[in-house]
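The chains carry the letters A, B, C, D, E and F, assigned in the order they are written, with residues numbered from 1 in each.
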Amino acid sequence: MQLGFVSAIFPEFSLEQVLSFARDAGFASVELMCWPPGKAERRYAGVTHLDATDLSAGAIKATHDLVAKYGVAISGVGYYPNALSPNLEEAETAQAHIRRVIDLAAALGVGRMNTFVGRDHTKSIDDNWPRFLEVWRPILDHADAKGVKVGIENCPMSFGKDEWPGGKNLAVSPAVWRRMFADIPSPNFGLNFDPSHFVLQHMDYIAPLAEFKGRIFHAHAKDVRIDRAKLDQLGVFAYPNSWHSPKLPGQGDVRWGAFLGALADAGYDGHLAVEVEDRAFEGSLQARKDSLVISRRYLEQFVVGQRGGVGSGS
Amino acid sequence: MQLGFVSAIFPEFSLEQVLSFARDAGFASVELMCWPPGKAERRYAGVTHLDATDLSAGAIKATHDLVAKYGVAISGVGYYPNALSPNLEEAETAQAHIRRVIDLAAALGVGRMNTFVGRDHTKSIDDNWPRFLEVWRPILDHADAKGVKVGIENCPMSFGKDEWPGGKNLAVSPAVWRRMFADIPSPNFGLNFDPSHFVLQHMDYIAPLAEFKGRIFHAHAKDVRIDRAKLDQLGVFAYPNSWHSPKLPGQGDVRWGAFLGALADAGYDGHLAVEVEDRAFEGSLQARKDSLVISRRYLEQFVVGQRGGVGSGS
Amino acid sequence: MQLGFVSAIFPEFSLEQVLSFARDAGFASVELMCWPPGKAERRYAGVTHLDATDLSAGAIKATHDLVAKYGVAISGVGYYPNALSPNLEEAETAQAHIRRVIDLAAALGVGRMNTFVGRDHTKSIDDNWPRFLEVWRPILDHADAKGVKVGIENCPMSFGKDEWPGGKNLAVSPAVWRRMFADIPSPNFGLNFDPSHFVLQHMDYIAPLAEFKGRIFHAHAKDVRIDRAKLDQLGVFAYPNSWHSPKLPGQGDVRWGAFLGALADAGYDGHLAVEVEDRAFEGSLQARKDSLVISRRYLEQFVVGQRGGVGSGS
Amino acid sequence: MQLGFVSAIFPEFSLEQVLSFARDAGFASVELMCWPPGKAERRYAGVTHLDATDLSAGAIKATHDLVAKYGVAISGVGYYPNALSPNLEEAETAQAHIRRVIDLAAALGVGRMNTFVGRDHTKSIDDNWPRFLEVWRPILDHADAKGVKVGIENCPMSFGKDEWPGGKNLAVSPAVWRRMFADIPSPNFGLNFDPSHFVLQHMDYIAPLAEFKGRIFHAHAKDVRIDRAKLDQLGVFAYPNSWHSPKLPGQGDVRWGAFLGALADAGYDGHLAVEVEDRAFEGSLQARKDSLVISRRYLEQFVVGQRGGVGSGS
Amino acid sequence: MQLGFVSAIFPEFSLEQVLSFARDAGFASVELMCWPPGKAERRYAGVTHLDATDLSAGAIKATHDLVAKYGVAISGVGYYPNALSPNLEEAETAQAHIRRVIDLAAALGVGRMNTFVGRDHTKSIDDNWPRFLEVWRPILDHADAKGVKVGIENCPMSFGKDEWPGGKNLAVSPAVWRRMFADIPSPNFGLNFDPSHFVLQHMDYIAPLAEFKGRIFHAHAKDVRIDRAKLDQLGVFAYPNSWHSPKLPGQGDVRWGAFLGALADAGYDGHLAVEVEDRAFEGSLQARKDSLVISRRYLEQFVVGQRGGVGSGS
Amino acid sequence: MQLGFVSAIFPEFSLEQVLSFARDAGFASVELMCWPPGKAERRYAGVTHLDATDLSAGAIKATHDLVAKYGVAISGVGYYPNALSPNLEEAETAQAHIRRVIDLAAALGVGRMNTFVGRDHTKSIDDNWPRFLEVWRPILDHADAKGVKVGIENCPMSFGKDEWPGGKNLAVSPAVWRRMFADIPSPNFGLNFDPSHFVLQHMDYIAPLAEFKGRIFHAHAKDVRIDRAKLDQLGVFAYPNSWHSPKLPGQGDVRWGAFLGALADAGYDGHLAVEVEDRAFEGSLQARKDSLVISRRYLEQFVVGQRGGVGSGS
């Protein structure tokens, strides 16, 4: 496995700054954020390190040149909106841009885009299902046509009042995945596997690796700590933000040695992208940089981390 | 502590049959269900072993006579509707009958009624709060006037599709209790403490006993088992019914020795009413009877169970 | 579930003495041992409380009369030889007598016999399999013809030098059971389920209950303790007798509340026969009697134990 | 094993009342307290159910008659002073009366007395040792002459300010026992084994049973709960009373099934005397009686409890 | 957090040698020992890497120059005597020199000194308290005047015979800290937090971080292993040295990922000084050097370790 | 401790390639495989990085020169055949070559060879014992004469059908070691200690370190994971390969911090040779190289790893 990080941690950086930091900090790859660009016109926007609205040969070449200059791979292109939002404008914006990011993945030759399936958070999973199929069948047809793998992150997107009650992503569990992959059997429909969301949901994150091995297209390295003292006051039905904390890998409840060993046993040899949302490391740009360095050091005891072998790995 | 059971397990029994079984099966008390009576006119009704709409001297005397005949105490009168239902007719029916059950508790000299505070399950706890105060302040005023303790069971009433997402009872956790008792500081406002709901919510049920010792008016003995294999497939945000099973005391995840020892340390010396909802014991009347006998045997290793001493306890 | 015991604990007792003790000690049933009778002619013999070589109307009636006199049911007829012994005489004796015990179960109307499938302990499971099928297919045909359920106990029969290396019973695990029931799909082929053998083999005894629920014909209540200090010196590949001890229910490593709760969830409502092999209770007939009384008391906190209801259960 | 209790729980009872309660409550035996009698003259006195200062034939016969009348055995005679007190008067009183209680055990034919070895709590174990040998060698010589077993309870007698720092009994651990039995090798020097003191000291109470099997003359059934929340605030070097609570058997941290199973494996078949110090059951005489009944019920699932067999055990 | 070490590990080194090693071994800081200097005149002395008796401009400049030369920060100045010793000369020496070390911290601009509050180990905490207040109120007044933070290490200083029974430092637990900070409310009175002392005392070291977050001025990284086999023989009331072993971070019972994650959550971003007392690494100067290198490698997977960012952290 | 690896991972490498990789990858030593060389004539052969059949001065000098060139130590010479094979030719080949490898260890000045004692896997330990003594007494005499330490690896060599039932090495447990060292009391008879084989056998690997401290001549760093889901289906008596997986250090069930801390406490300061058998890293030469780099990184948080001190250790 190669170590990377999710570029959303550096919203103020240009693509070149992201790649430059990655190289200097010893990362082999980056998952680049591709939210719709543009201050003025954008709504529902986020971090944009690659602009999926510009697939011109020049733009693609510029990206390739930067990647070559810094020797850092693109592990995937990422865009995590809510394509099933009850706000129809938001949903349509998301769907349209997901298609563009798929196109970008194809144009760049990366072949991999990561996202959520989304959810109307005011409805149950069953009540979301018909619309899920209606929205996602054509998206996967598009991905099949382009030969791009779509990795769905298993985050419940359920933290506080805004996402209550259902959260903004359906693809949260093995039970849902089986239904998803049975109803939309495209070989390009798979997972961006993040063990921390299993900890949040009080689930085992080891056993599913063997069952879904062919479906794991990308992986995130985030950790969470269940705050027992708070959970004891509030219970699991309270807002999840009130009883858990996102943490750097190794400082939460994920058992990384066991997880990464089993992930390797499942034949996964792709990218592992560190995703930092630890509030203890949000105080400054330097703290965010440090958080990635610490995470890399922690994870390099379990994965080789970089392309090539002994020279780069030492 | 004295052992009793919740009479809802015998919907087909008359009051006398309930008391007769209790005596024969070695129970010291019964919590009697008091749902609004009458097949024709009733909606939102349940089991009625005592009719709170008839507080005539004759009715009260008849109850007292039966209680005396069988030597079984009434641990409390119980009615568990949703007084905060979004269905206003249902809510008003509930509020009015709660008042009647309080009157019944006073008339009988039992002095204790058990219920839920209810919840508009479509709304968050915060969004329920103003209506909770509006509805419950006058009910507690009434209880204060009658000198009746109102024990709120800590059940989240969140099992499946019908109660999704919020469940039908607000009073689920120490955090909520503190807010309840601060906002409605009546000494007659307290708890019908059931440890199984803590297990469901992945919470500690021992530590709150010391803090809320003066507020524990009644206790239920129900157990639940978290079905790990199912939880691993679904996660805690799925319908609770899909990943847990109600069980007889001793056959779930509650550690009864520790719980009852700590409950005694908290000075509680009231009734412990077995509440059976174990589907393995629903097949016949005999199975339901058996489930109570087994539960009594299990619990008698931790509590004396019966009034008086050696003779009855041996 | 009804509580019984395995009659092998009283080799010196007549059938009537066994039944008399069962009644006096509060047991609802007995699994009666049916080894080939007769001091002189017998080899490979054990305890004989019912003589399967005499199926005369008189013998059957005498048994029925005794059973009726003491009000104790026969939970099953038991005979636990090695029908696949490398000693062919031993194997053939076993096979022939198994047939007779099946006939006895039919003649008595008990409908249930318990045994081992046996094993050539010098060979692997695979190498035993062809002979297993050859021997057991006709036995099950016979059981089908007689309408008798054959419950195979899941004991590995691997304790010390004599059974080394493979043990004398193939049917030790869910993996083997699936193969057994697939290759011999008779509805009368099932299990005499004993959780203690799972503890010995370091296996989960809860999960298989749901999968094999229709196959559980009988159950044993034995416990074992893994002797950690000895296991740490010897390892699991040493003779099992050197690192574990059979114990009374509740004094070993089986979690009985969880097991019996899950067994009930699996729909099992048959007999639970206490099997005592605890060396601490072998010193005298009184100690053996006491061990059954203690076991009954322990288990009655989880199962009703006796036929009928409140009266008998109190 | 037979179930009894420590008579100190009933200071207001006469011997006959103690025996009468024991019989009615289903106990097979009682450990009778033998502190020096007499209100006026006594200092350092406690509960006196047998008067060791009167060994007249009449007194002995009266005791035998009462024991016969109620059919309850004397498991041992108990007196728990500090024979090594830095207060020399207290120490000498203790030593002299220990001799008398040994004489009483001989005169009654009980053959067993239970006590502490004591400790000058202001000194270390090493600094107590010379005096320990000086005091106890002649006491054991006396016990040898009388043929009386002296069972030393393993209580550290270290609870609060009064016993700080060293506690008032040296015989707290296997390390100390080995030294005791090596330096005073009398076969009448042994233990009154109480698992709860191991829990208090964060020690394993199972493994020592095998090593000291021949030295276990008597056993106490008391439980304690380590109060984690308090220990987390104070640490193990704070007064033990501030971070633990004595509890009834089954309501603390002792694993009784494992303990009593291993105690039986060690060949112990003597008396198990319930010792109640649970503050939740100190409110009234009835509460104290109840606490013994509950304890008996709890322990009877692991030990037969009473003399004789099926009849008495049912 | 920045990684440093406690300079006491190199008693034979000059200040320059300490700083040189720190730089070469990749440490960002050092806690420098400041015991009273001078072979001849000193009693109660230890390691002296900074001489607090010489606060001349020349001495301060020389220190600053060395620090600048090696680019290693001073995390704090440390002196750990017993200011409450029953030996009054020792106590007064300690108090006077603590003042000097405070002056040194001010003169150097470090602003932080670490020490113990001490304890008369022959007395209880309560009996020490009046003298504690008498001694420490003026010291904190002095610290307030100088603007120096005084970080009290939470070590019980209770290991063997010499410190028996009470240990030589009162500030061992959250319960004591609350009392300390309530009675001496100076903002310069705080903690030098070491999680290993919580493990020794069987306490939780995570929860106090949130409560005392503003009081944590410095932190030590030491580990200890509770030697279960020895504890089982001796119990927690035996000399602590007999049942625990100091170990390098990661080789004892502290869960460092959880601890350092929670320490960061508490807003601590200061120095973490490795304190080595592991007897397996005491054999030679090289072994001591190695122990620091190993410790740094272990801790760098959880903390960035060095000043600056990516360059230094890689 | 110094970090090395077992050279068997690179069968296609020359000695020089092995040493070159070791140096480049940051290892201090290598355990070199010494199976009988030669394609044509060899049977029972394996990897040969040193040829024990050529002890000429030239061969020895060539090895010394290479070792000096790359600055990598030889931790030991290894040859792991079955000297007690039931195939007598295989056994005799093994015995003869073991002698040669001892000679090689002496000639090189390494002084340490590692091997198995072997076992006739069709027989019990007891039945192997006479032949074990007959074979190994003269081998140890030879080792004594040469002054070479023989470290027996504690692997049970029991994985699947080929080694069933007994495995191909007797020296699997402390119980066997005591017998071995008592019957062949040579000071040159000791252990090549690998904690993973304890995990496989469900044994404690910490406690034996203290007892056998003088006997630990070499150590292997391999990890294994018990595959719970498979074990639950099969039980510990099934082929071990069916329920466990060899893994890199840190990705299995060995607790390395605790183990290596205790190994250091036992005074061990020799070599720790990484042995990789993780199937997830067998796909390519690069994957095998990577697996050693990851293992080194993981272990260097617990051991210094390399000769010398700060410079090499940073």
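Here is the rule we use: contacts are C-beta pairs under 8 Å (C-beta built on N, C-alpha and C of every residue); 3 or more make two chains touch, one makes a residue touch a chain.
Everything numeric here is computed off the predicted structure, so don't read it as measured data.
Engineer: Which chain lies the greatest distance away from subunit E when centres are computed from Cα atoms alone?
Structural biologist: Ranked by distance of C-alpha centres from subunit E, the top chain is C.
Engineer: Measuring centre to centre with C-alpha atoms, which chain is farthest from subunit B?
Structural biologist: Max centre-to-centre separation from subunit B belongs to F.
Engineer: When subunit A touches subunit E, do the two copies use mostly the same residue numbers, with over half shared, or different ones?
Structural biologist: different
Engineer: Rounded to the nearest whole Å, what is the centre-to-centre distance of subunit C and subunit D, using the mean of the C-alpha atoms as each centre?
Structural biologist: The answer is 42 Å.
Engineer: Centre to centre, by mean C-alpha position, how many angstrom separate subunit B and subunit E?
Structural biologist: 54
Engineer: Could you state the distance in Å from the CA-based centre of subunit C to that of subunit E?
Structural biologist: The computed centroid separation for subunit C versus subunit E comes out at 64 Å.
Engineer: Mind pulling the subunit F residues that touch 2 or more other chains?
Structural biologist: Residue numbers touching two or more other chains: 207, 301.
Engineer: Once you draw an edge for every pair of touching chains, what topology comes out, line, ring, star, complete or other?
Structural biologist: other
Engineer: For this structure, enumerate the chain pairs that meet the touch criterion.
Structural biologist: A-B, A-E, A-F, B-C, B-D, C-D, C-F, D-E, E-F
Engineer: If you look only at subunit B, which of its residues touch subunit D in the complex?
Structural biologist: Of all residues in subunit B, those touching subunit D are 207, 257-258, 260-262, 264-265, 267, 300-304, 308-311, 313-314.
Engineer: Which bits of subunit C are touching subunit D when the two form their complex?
Structural biologist: Going by the criterion above, the answer is residues 21, 24-26, 225, 229, 245, 247-248, 250-252, 278-281, 286, 289-290, 293-294, 297-298, 301.
Engineer: For a test of understanding, state which residues of subunit A touch subunit B in their complex under the given definition.
Structural biologist: Residues of subunit A touching subunit B: 124, 156, 158, 161, 164-167, 172-175, 198, 201-204, 207, 231-238.
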